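Since the structure comes first, as structure tokens, the remarks are kept for the end.
All chains are identified by letter, namely A, B, C, D, E and F, in their written order; residue positions are counted from 1 within each chain.
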Amino acid sequence: MVFITRRERFNAAHKLYNPDWSAEKNLEVFGKCSNPNWHGHNYELFVTVKGEPDKVTGFVINLKSLSKIVQEKVIDKLDHRNINMDVDFMKDKMPSTEVLAIEIWHQIADDIRTAGAFLHSIKLSETENNFVEYFGN
Amino acid sequence: MVFITRRERFNAAHKLYNPDWSAEKNLEVFGKCSNPNWHGHNYELFVTVKGEPDKVTGFVINLKSLSKIVQEKVIDKLDHRNINMDVDFMKDKMPSTEVLAIEIWHQIADDIRTAGAFLHSIKLSETENNFVEYFGN
Amino acid sequence: MVFITRRERFNAAHKLYNPDWSAEKNLEVFGKCSNPNWHGHNYELFVTVKGEPDKVTGFVINLKSLSKIVQEKVIDKLDHRNINMDVDFMKDKMPSTEVLAIEIWHQIADDIRTAGAFLHSIKLSETENNFVEYFGN
Amino acid sequence: MVFITRRERFNAAHKLYNPDWSAEKNLEVFGKCSNPNWHGHNYELFVTVKGEPDKVTGFVINLKSLSKIVQEKVIDKLDHRNINMDVDFMKDKMPSTEVLAIEIWHQIADDIRTAGAFLHSIKLSETENNFVEYFGN
Amino acid sequence: MVFITRRERFNAAHKLYNPDWSAEKNLEVFGKCSNPNWHGHNYELFVTVKGEPDKVTGFVINLKSLSKIVQEKVIDKLDHRNINMDVDFMKDKMPSTEVLAIEIWHQIADDIRTAGAFLHSIKLSETENNFVEYFGN
Amino acid sequence: MVFITRRERFNAAHKLYNPDWSAEKNLEVFGKCSNPNWHGHNYELFVTVKGEPDKVTGFVINLKSLSKIVQEKVIDKLDHRNINMDVDFMKDKMPSTEVLAIEIWHQIADDIRTAGAFLHSIKLSETENNFVEYFGN
């Protein structure tokens, strides 16, 4: 079993804000991330896939195929977008790094299986000082 | 003459959009950066100051003083903000990396001179693939 | 289960030196790290915590809380200090990266549990070419 | 149990090319990597070893010993070489990152055990956007 | 005047070898870089352009235009290629980082002027430990 | 004229402390850097040399020669040392990054001229957030 990771990037706006709370409560819990007019990040996404290398190609998965799946199902929907407003799979969800990583998993796990490998983990970095990892359960 | 550089960071939302143009024209010129609902970046700011090192301290400028100036005049206004909507010194200006770097220069040049050194350059990085430098004229 | 990692940094001096050995034996085992007058590093610390994201906030742990724990129990004691001489929890211990990572674990594991999550790993990087990971046993 | 990782680097040429296939088939599967006149990379290799820290030295393994093993068995054979043509342990093998990581494991696992620790993983990075990990089975 | 820099990358094979010299002389001067079967690098190219920001767009140059020029005139010719054998503008030239940087300048300087800005510098990084800069004369 | 840069690294201890001042005054001016028991850094040194590329080799300077000069005159004296106590060329000098960069310049400028090129700049990075540049006057 070998694990192969592809890095992709997207730049997006978001805010962490619970509309059922007062502005004060939002500020207390989410700090500057609750600023009503949004802020944004250069996200780095690391998609790790596992499998046996193919006897002939030496590939667990062709990185062109993996990159195409991630591009179409994730990057095209998130890049230069507002995560709260523009992204179908984040509708009515809190756009924390944790929740975003879980939802990205669900966007691509089946397609990667169809391509002959297994999704192992999603690592999503929001700043140079914090990142999240999700392993599917 | 020695040059000393301090790195600071801020995360902000923006869009590049000319309200006098159609959405089509904006898309043609600014591409995905014109998305109406904003996107964002982890900006890296490098402030370079020059001067003679002090005979006693060995400092061109005390980095605590430099960091305080940059924090109060730049980072506090930009971090976790919307550059188009929230930032006084960017009002009615196009928030391209070029224009933002020039305006950051004007926010801190005088204070650095008062602190006994000279602002040499502003370097502002928007993504890992592009950055801007401004030397004051 | 989601894993979230916070990076913190500290700059410290240390030496690897066994007082029961001759200078020659110390040099043979520890090389340049045994220099009697100390040397130092920019350490990078990655604290990984695991748990279920909160239904409302989307957080495994509020990063402000995590950062505060790490700051008070680890960074304030190590930053700009001499690990052999100044750090209570390293007293009479060899300040190898391995031992330091283990002791950092013990400084924060309970507080993180009190904050509602579980410490998963300590990763401690001494230079760009070597780092250590500890998972609690 | 503590895990310690040493980073080493090598610069090498390779191509991904199956001589049983037409040039068209090679291009379809391997893309630009099949260019007949080779291309190359700055590879980054992360060797992770696990064990109990020694009571006296605080070391899982002396990094000088680990570095010497990796240098002699891996770097000296790969650095500034052509992986397809010059490297004994890659003879008649497809030089994908996956296969190369597996073969590097086999070059050093026994020597690391002799040195008193256990090889845990090989991580091999080909570009800033893709890397492979192998855990020995 | 503002300076804007675009980073591009290419992976290529090369060797440093003077056919008028013996293998011994080549080894003495060029070291491992003279290995007859090639080696390779992940090159990083930083193209810096200068000009006045446009009053309306805030751009010195549209980065899409700059990226297109660099892609067509430089990256498409170098990426996944052998610099000694495959690259028209390096024919009969020594593929040192210095010479390659100079020749890249000549590939794009005119096109950038046509696009309304001025090429300021080429920075070309061969490994994490060495890079070259060229300013046009 | 082409500029070529070599990166080297050293890990050292130091403190910023003026023995003519009280501990309070030292703390006020130098902050945590005045801690009496030292602290340390992973310094990164970038030595930039300029000249015309040689017609035959394509080199401004052979990087092996440059690296040897920097190793012998700078790194061997600083690496795994205490800058205040162990380094001849820093005796009785304040080990700020500014002063250290200037003194490193004087250690190598003549040898680089003897090797046929000109020292252009010393860039010395103390942490990921601050660095100094010196151009010789």
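Odds and ends about this structure:
To be clear about the criterion, contacts are C-beta pairs under 8 Å (C-beta built on N, C-alpha and C of every residue); 3 or more make two chains touch, one makes a residue touch a chain.
Computed from a predicted model, the values in this text were never measured in an experiment.
Under the touch definition stated at the top, chain D and chain E share no contacting partner at all. Its C-alpha atoms superposed on chain D, chain A is turned by 120 degrees; the angle is given in steps of 5. By residue number, more than half of the contact pairs of E-F reappear in one of the listed pairs A-B, A-D or D-E, namely A-D.
Of all residue numbers seen at the chain C-chain D contact, under half occur in both copies; the interface is built from largely non-matching residues.
Chain geometry summary: the mean Cα position of chain A and that of chain F are 42 Å apart.
Annotation: 29 Å between the Cα-based centres of chain A and chain C.
In chain B, 128 are the positions where the chain touches two or more neighbouring chains simultaneously.
In summary, the structure contains touching chain pairs A-B, A-C, A-D, B-E, B-F, C-D, C-F, D-E, E-F. Note for the complex: chain D touches chain A at residues 16, 18, 29-31, 93-99, 101-102, 128-135, 137. Interface residues of chain A facing chain B in the complex, by the touch rule stated above, are 9, 11-14, 32-33, 35, 37-42, 79-82, 85-86, 127-128. Chain contact summary for the complex, chain B toward chain F: residues 1-8, 48, 53, 56-60, 62-64.
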